[in-house]
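To start, I am sharing the structure in question, which I have written as structure tokens.
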């Protein structure tokens, strides 16, 4: 396999982008990415979208995107793994380049979510769950994570304050991110007292409904060296794993096997351990999710995610900074775009270009993208060389 | 959900029919064609008892389309006495006093309907097992 | 020999008090409570209907009968609130019980009499020897127009009876009927609420038919009121069944165990069948029971049963009717009731 570098990143602002269509968002992110890379070559496109059909009625992004990028005839494919679709797009692009099949591949993540009502968006998101045996009963995604949150609180004594601190920390980070949907800070009291969505999770425990797109351009590391634009950022590890689609069928509701396996596979490929990681972008679709991910990846022992968060372990200046971008919570969560946007943040940090949210001397980043309630996960290790 | 998809599931939704692996005795709900425990692919159909305990739950206050008339409603994971875990609504309960460990019993209820003129989909929900 | 081998009921958890309905319409609650002997009524939850009540009652009946559901050769569901105008309730019930596919099914409708119609057919069908077991259900989630007198009584509930010829818990002694064309209460196709003839529903309708059927069956059986341990008459409210029982010469001891309407309301097709179930919950072996239904339009079915030793062995296999009625009930305000019963106009 060839070494694969990220030679360009680009993303739209995340938020309720009423004037932008799904094609506008894809083109805007891709253009930003090409400008960043400074090259005009494109061999192939991978597109991650969870449900462009249910959110906008538009399938066949594999034709729409190259067409409106002015790249007719370029091969393109859409990949889907629910909220991990973006991570899958990057992984697919990586495989094309690493294998020698293509040289310059654009990975785009997209979701345009605000063209439907809240109820319809909730329904569309719930299609990532088992349709016949979970969603049939009226469960929502906040509901699935709320069941895990209740179990975590009852088994480990995790508190509402600890959960809320995930949101407080991520909003603090996101307040320094110009792309963020909600770049404001919140207090734990505000989180706990916001409107109840699915007990025990409140509105501010949940990531929002978001429009947005993100793109990265990958190429052989050798080619990247010749381009000589800023520090070289290389994807040194990729891990991918799956788990049961229904949370009722998990051996342990509070251990996300797909996350443990994806991260250990990615770290193994990169020849690293979790201690080598300088910071992580993880899938905090709900506050409890960030805690479960920390525990499942082995950053902290089971049950310690809450206290560790309250102690500042994952803060920007902590020993293991998590979600310097603001995470899904503050930056926003256009589901298919999220996995790509995580890579964008990793590269921005590794370039030292993250401004007020910069983690000093960041050299090794981990991004963790999750589908559904943990039914799939993709982890990337990105290193500055 | 369209009628054929619902109709196909009637043995599971109406009667809690599960698959018992003939090789390792593991019971799967919904039924599977390959046993994830031992890899075997021969099963016997068994009807689950519908009795068990609540392992975790939430109260849905922001429902998906099609469930607004029922909100707020509880959804939980029930572990049946056979060891099978399944997700379902908990109905006829006081959402403020429901707690994990509560004994549950399956009842036959309306799950959803396709608008006021479409088909009505029935299935299992659980109620606290208080002897009625 | 033919009779009942298992019975079961299902009452929704929710109740609304007469006062809470009266206060919305500016009506005089005490006059309903005293005049009609009504205190509260059952209300189905938003996920309950005639099919769900029927299935849950029939499951209780199966628990008591202890038979393989595949033995059930016929399923009759009597109701005036079938969930579909076209598409049977009986198929839903048969599938849920596991009685399909070799089961004859029919939905019946005859105002409040549809439940005993099913029982009548089931008993005589098993008696004929065509099938060994039949299931008869009376169930309703009845609707009274907002503000109408019926709103105080229209309730929800179901009773199910498995009929057989062996292992009887109550043997059928005889049946009779009394029927004329009398429009005292009706609901036209495509209209949501029934209309009724006010006081015309009394003497020429309810009392004439119930009395006619009761007298006919007692004549046929050569029995008098004092020969019975229990009597159950259709219960549109708490007053009519007591009046008719008294007029026929029965005593409170005979009607009290089966009189549910003061706190249940009128469960229409479920009404007198649920009274029979509540009576079976307490009856001793060898007890004689008179059951007379009434359905507007109008007619009455009458039955005489004699309980067996087996009754006391099976009655505790499922929840008793009074337990469901008196325990685990929740009173809801009119707004919640209106939401549950879909009386509020809202966008789809």
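By written order: A, B and C. Residues from 1 in each chain.
Assume a residue touches a chain if its C-beta (ideal position, glycine included) is under 8 Å from a C-beta of that chain, and two chains touch if they have at least 3 such contacts.
A quick note: this is a predicted structure, and the numbers were derived from the prediction, not measured.
Engineer: Which of line, ring, star, complete and other names the graph you get from chains that touch?
Structural biologist: line
Engineer: If you tally contacting C-beta pairs, which pair wins, A-B or B-C?
Structural biologist: Contact tally favours A-B.
Engineer: Between chain A and chain C, what distance separates the C-alpha centroids? Give it in angstrom.
Structural biologist: About 58 Å, centre to centre.
Engineer: Can you check how far apart chain A and chain B are, centre to centre, with Cα atoms defining each centre and the answer in Å?
Structural biologist: 32
Engineer: Just how far, in Å, is the C-alpha centre of chain C from the one of chain B?
Structural biologist: Centre-to-centre distance between chain B and chain C: 29 Å.
Engineer: Could you check chain C for residues that touch two or more other chains and list them?
Structural biologist: Not one residue in chain C touches at least two other chains.
Engineer: Two or more other chains in contact with one residue: find those residues in chain B.
Structural biologist: Answer for chain B, listing residues that touch two or more other chains: 70, 89, 111, 125.
Engineer: With touch defined as at the start, can you tell me which chain A residues reach chain B in the complex?
Structural biologist: Chain A residues touching chain B: 117-120, 122-123, 126, 131-140, 142-143, 146-148, 150-151, 154, 195-201, 246-249, 253.
Engineer: Mind pulling up the chain B residues that touch chain A in the complex?
Structural biologist: So the residues of chain B touching chain A come out as 1, 5, 9, 12, 30, 55-68, 70, 73, 75-77, 85-89, 100, 111-112, 121, 123, 125.
Engineer: For a test of understanding, state which residues of chain C touch chain B in their complex under the given definition.
Structural biologist: 11, 13, 45-49, 51-52, 55-56, 59, 83-84, 92, 95-96, 98, 319, 323-324, 327-328, 330, 339, 342, 348
Engineer: Under the stated contact criterion, what part of chain B meets chain C in this complex?
Structural biologist: 10, 14-15, 47, 69-70, 89, 91-92, 94, 107-111, 115-116, 120, 122, 125, 130-132
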